[in-house]
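Take a look at these structures.
You will see two complexes here that share chain A, one where it goes with chain B and one where it goes with chain C.
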Partner chain A sequence: MANRRTQAILAQVLGAVALVAIAILLTTTLIGNLARLNLTTGFEFLWRPAGMKIGESVFPLAPSDSFAWAVVAAILNTIRVAVAGIVLATIIGTAIGIMRLSSNPLLRGVTTVYVEVFRNTPLLLQILFWSAILLKLPAIRQAISLGDWAFLSQRGLQLPSLMLHAGVALWPGAIAAILCGIAAFLLARRRNRAAAIALGVLAAILALLVVWSAQGAVGVERPVRKLFGFTGGFTLTPEFCALLAGLTAYTAAFIAEIVRGGILAIPSGQWEAARSLGLRNGAILRHIVLPQALRVILPAMTSQYVGLVKNSSLAVAIGYPDLFWAISTAINVTGHAVEGVALMMVCYLVLTLGTSGAMNTWYSRMIRRGAR
Partner chain B sequence: MRLAALLIMLALGLVPTLSHAASTLDTVKARGVLRCGTENDTPGSGAPDSNGVLQGIDIEYCRAIAAAVFGDASKVTFIHTSTLNRFSVLQSGDVDVLIRETTLLFSRDTQIGLIFANTIMYDAQGALVAAKTGAKSLADLDGASICVFPGSNSELNIADYFQSHGLKYTPISIDNADALRRSFFEGRCDVFTGDRLMLSSNRSIAKTPTDYVVLPDLLAKSPLGPMVRQGDDQWLNIVKWVVNVTFLAEEKKITKANVDSARTSTDPEVKRMLGGTPGMSKQLGLNDDWAYQVIKQIGNYAEIYDRTLGDGSSLKLPRGLNKLWSDGGLLYSPPFL
Partner chain C sequence: MRSFLRLRALVNSPVNIGITLACLALLAWMVPPLLHWAVLDAAWSGGPEACRAAAGACWPYVGQKYGFFLFGFYPSEARWRPLLALLLMLALLAGNLVPRFWNRRLLIAWPIILALVVWILGGGLGLPPVPTESWSGLPLTLLIASFALVLGFPLGVLLALGRTSKLPFFRMVCTVFIELQRGLPLVAVLFMASVMMPLLVPAGVTPGKLLRAYLAFTLVAAAFIAEIIRGGLQAVAPGQAEAATALGLGYWRTMQRIVLPQCLRVSVPSLVGVAISFFKDTSLVTVIGLTDLLGAVGAASRDPVWLGHDVEGYVFAALVYFTFCFSASRYAAWLERRLQDGARIARAAAVEQAYASRLAIRSEASTA
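Showing the complex of A and B:
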């Protein structure tokens, strides 16, 4: 018995040593080969000025900022499209999954065609398709205008944006008002009426105070058409929209199937029992079937979400400045291919592991609550 | 135990030899074909003609190197590269030489393990716009969307220009010539910026070329030339001198047609160049007649330019700076001595 254990430990140790040896050999070979090619190794290139301009970024970025900042802006772009994609794909996918089970043959037929078309064609093709469609929108001079408040053209969708001219003092008030409002809502649900009313009144007073003190400070900024573009307002670029449409439509098709499967996994006895209690179909779905189906659906959803995050790198085909695009450009300009690819892998790993970690936490919490 | 042994053996097998790699010339000769990094989607630089054969100034120079090495201009494989992958393709040894309208820059010559041979075209970065915008200069284009290749020096220059002039713009950058051109022709971008060779090329394939104009602005100098890996001086010399003999042949008025009779020329430099002094190119690792083969099969610079960029092409670009030094241009070959 002891002998076998020693053997097992020995094998483990030898295995670990072998792995470390392989890692060291590969690294020294890599560094040696790179040195032979007169290439330096290291990440100091990230602190050099990038020189390039990024088409769209969440925060203002100048060409003189470093590659590191460009990468941060690009990661935020990836997160932006991934979060929007996950939310939209979940909503659309769930709706379509439920409609596929409808007794209405037209609804069932249309949603089946949707799922089969979007699930069975390559995502890259779909993204290029959306991009080509958006390029066919009217030119900027013929932009479709909604009462000069919003514009739709090849340059994307221009929307008015909320501008806060006053100082930060407004924000705490607004946040406090919102928090009180949420708390009041939650208390009302728990049937704690007196406290709910008190908090609700407080929220309303705070909100009024904020609005009153913000008179003239809060404004809505309209997009203004110039010769070659728009100034002011908020822009959804065609690249972002095409990528988002592609990711959403594609992932929603898979989510629809997962939702449909999850609902079908609930024994029909649950429906019958609920019906005998006099519940309507919608109520049964919301209160009885979906909560149970969620246990089946969630783990499969996780891989769809992770897939969506990774698929967002197809942005490079249509010029949306995402993580993949920014690091590829940095590699080309600086020649640090190995470090760039490593950095890219780490960034995507953080994003995907973060997504699946969050989903797993949610799932295990739900299971625990259910077991109680 | 067995697993560990297996892993160690696997590791040893994975490690490539660290010994000095063979010279590029030996590798090319042993392979029997030159691998040239080019582009196949930009008329003038490289694009298929109506017979599906690649044509363009960069393509011609690949063929010229093959003619020098093998005595046969057809022994080339053209590897299509994009602006984003061109350097890694050369660094990794996938191609022997990169000839792809790449601009000679300090950073590219020194920081990425590569080195430029000599310039085959003195170009400049410009801007192509739709004629109907009425823009006379880049300065009229405040707020414009600009199509530019990612990772190109044009991307950096246009950022500098707009910043220094206090103007705003939105870059659209896609690493695929067809996709980026489509964005421009469909109107997503107001401006396409890059080397004028490429801009003229884009214009030539527009549905109606006269709808587009190249603005007079010159954003930056753009000397275009072949690149090789650092550390192989013999190979660098081969590429450099293949280019030089095309200049020298024009200077000496030697053409594809008269190169045979020129071998008996009374000009001692011409005779040396065309292989009259046996053993002169031994250190270069080439046959004595390598320059003769280049001119016989490809021609001199004037012939190459005319076919690919000049009047014999669809671009009809004037030679501008790309004239011989004796005609007021910048082309100047050191003596063949």
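Showing the complex of A and C:
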């Protein structure tokens, strides 16, 4: 027994020595190469003016702003497309996963074709394809109108925007209404029906008051077509649209398979028992099957979400200014490869580990609640 | 009769009638324009002028360029070499699909055929040399994916053993490595390899782009394979390893003879899934300036003579990728069913045997 323990310690010490030796070897070579190439190290370059043109950003950004600001804008761009992609892919994927189990052969066929086509071609190909298609769309003057609410053209998607230019009195009412609504929702889940109805009614009254007092102040602004562009509404650039379409369509195909597998994993006795209690198919799915399937679905969903965050880096292929694009451009401009790579690693690890951490917390909380 | 019954589900309830109508409307909205673009309004022969005149797709472009799509910038007078390499790799892949061939000889065939492919593509020993920068197209796609999986597999097994090891040092190192590789986008790992590798080797050695791509893909593939093997290891009953230890087998013998064979059997379908995703992901090498199948299609679309037909090229590439990935995923599903059947048969046999031995014991007891 003592012999085995010595062996174990010896193996670990040897492993540690080997690891340290490799690390020292690589570091000395790196330092030597950097000295030979006259490359300076340090993160000061981040505060220098970037001079690169970022096509789109959530806050105004000039080329004279520093690299640090450019990276912040790029991170926000990555988060923007990733969040939109996760929400859309979850909705579409879940819907398609359920539709693939329909009794209607036509619906099953259509959704199966969707899943197989999008799952079995590379995401990069899909993004390039959407990008090429968007470029073939008509110019703004002949933009495709989607019911006069949105316009699709070469320059991207023009959407209506929510206008809020109201007095201060409006906000407390709106916030109170939302809080009441949330409280009513939570109480309803705890099956405290009387309190939930009371709060729901209160929320509705507050909301009505807000809408009444804000007549004319709150509105949806439609985009209006002009000769050389649109006024009103907001624009999603073609790069954003192509990337979002690719990420959504690709991930939704995988999520559809996960949802389908999760539903199939629920024993058919659950369906039969619920049916014998007189529940309809939709109600069975919502109240009996999906809550149980969620346990099977969530871990796989987490890896899809992390995958989507990582895949958003394919933005570089079509020139959407995301995190990877910004840092790799900064490296090419300044030559600070080591620092840039380190920064890129930290940023992506924070994003991906944050996503999976949040999902795992939710999952373990759900399991705990289920155990009680 | 049966197909008729199945078709009745189209209209057997108001909900299904509604669904059927909605699907038909969707198809009526999507299929005619697609049909017009791909067949009715498409140019089927002629040159770039015919394509500019046609409202639909330009198939002569694909007919003209498919050689370039498949083999890229490889010298066109020596196209038989990438073709031969491609056929060799396809034969190797086909050999892998047959469970009867899963033995030691297959393990030896992989490095031999890959070495042969590298020689055919790269030249030397009698063949005129071709620099790795001009290797492109589908052979490059297959080559990178195969290298990543062949080198990543042993590394992945070691990482999985390390992550499940009882020794805390190895567990920690392997966990950190796996999570690092899985937390970073493949594009970022590729870019890092291409930026950092020249700085991490002694001066004077310049690893080519292809080598950097191999390295990045191998490391990432190893991490993903390790996670699948770890799942397989968890599926092997702990009693197996305990029994082997009790018989006096050491750690490596236990793993090699008892645990890993059972674990790999369970993991094969998931490993095929990893192979599919890496086959698709090789398309990312365009980011570091290599020209794989997708890269060649993109490069062809920049030909000034045939400008504006990138979509047709992408359709061609999509068909090639789809053929590979779809058949591989069908294969994985078939394999999974077969393994499940195998497990069920084995379980039934075990139960039968247990029952028989109990009967034997009972009859012994009764005669005694």
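Simple rule for what comes next: the second predicted complex is superposed on the first by the 269 of 372 C-alpha atoms of A that agree within 3 Å, B and C clash if a C-alpha of one lies under 4 Å from a C-alpha of the other, contacts with A are read in each partner's own complex, and residues count from 1 in each chain.
Note that in this section a contact is a pair of C-beta atoms (placed from the backbone, for glycine too) under 8 Å apart; a residue touches a chain by one contact, two chains touch by 3 or more.
Just so we're clear, the structure is a prediction, and the values are computed from it rather than from any experiment.
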Figure out whether A:26 sits in contact with chain B (first) or chain C (second), or with both, or with neither. both
If you stack the two complexes on chain A, which partner ends up touching A:231: first (chain B), second (chain C), both, or neither? first
One more residue to check, A:310. First (chain B), second (chain C), both or neither? second
Classify the contacts of A:194 with the two partner chains as first (chain B alone), second (chain C alone), both, or neither. neither
Check whether A:353 is in contact with chain B, with chain C, with both or with neither, and answer first, second, both or neither. second
On the A-aligned overlay, A:10 touches which partner chain: chain B = first, chain C = second, or both, or neither? first
A:136 contacts which: chain B (first), chain C (second), both, neither? both
Have a look at where A:335 lands relative to chain B and chain C in the superposition and call it first, second, both or neither. first
Residue by residue on chain A, keep only those touching chain B in one complex and chain C in the other, then list them. 11, 15, 19, 26, 29, 32-33, 36, 132, 136, 316-317, 328, 331, 337
Which residues, counting only chain C, touch chain A once they are in their complex? 6-7, 9-10, 16, 19-20, 23-24, 26-27, 166-170, 173, 179-180, 182-188, 191-192, 195-196, 198-203, 276, 280-281, 283-284, 286-287, 294, 298, 310-311, 314, 317-318, 321-322, 325-326, 329
In the complex, the residues of chain A that touch chain B are 7, 10-11, 14-15, 17-19, 21-22, 25-26, 29, 32-33, 36-39, 51-56, 62-64, 132, 135-136, 139-140, 154-155, 226-229, 231, 238-239, 316-319, 321, 325, 328-329, 331-335, 337
Would you tell me which residues of chain B are touching chain A in their complex? 1, 3-4, 7-8, 10-12, 14-16, 18, 21, 83-88, 91, 107, 111-114, 133, 141-145, 150-151, 155-156, 158-160, 163, 169-176, 179-180, 182-183, 186-188, 190, 229-231
The answer for chain A against chain C in the complex is residues 8, 11-12, 15-16, 19, 26, 29-30, 32-34, 36, 102-107, 110, 116-117, 119-125, 128-129, 132-133, 136, 306, 310-314, 316-317, 324, 328, 331, 337-338, 340-341, 344-345, 348-349, 352-353
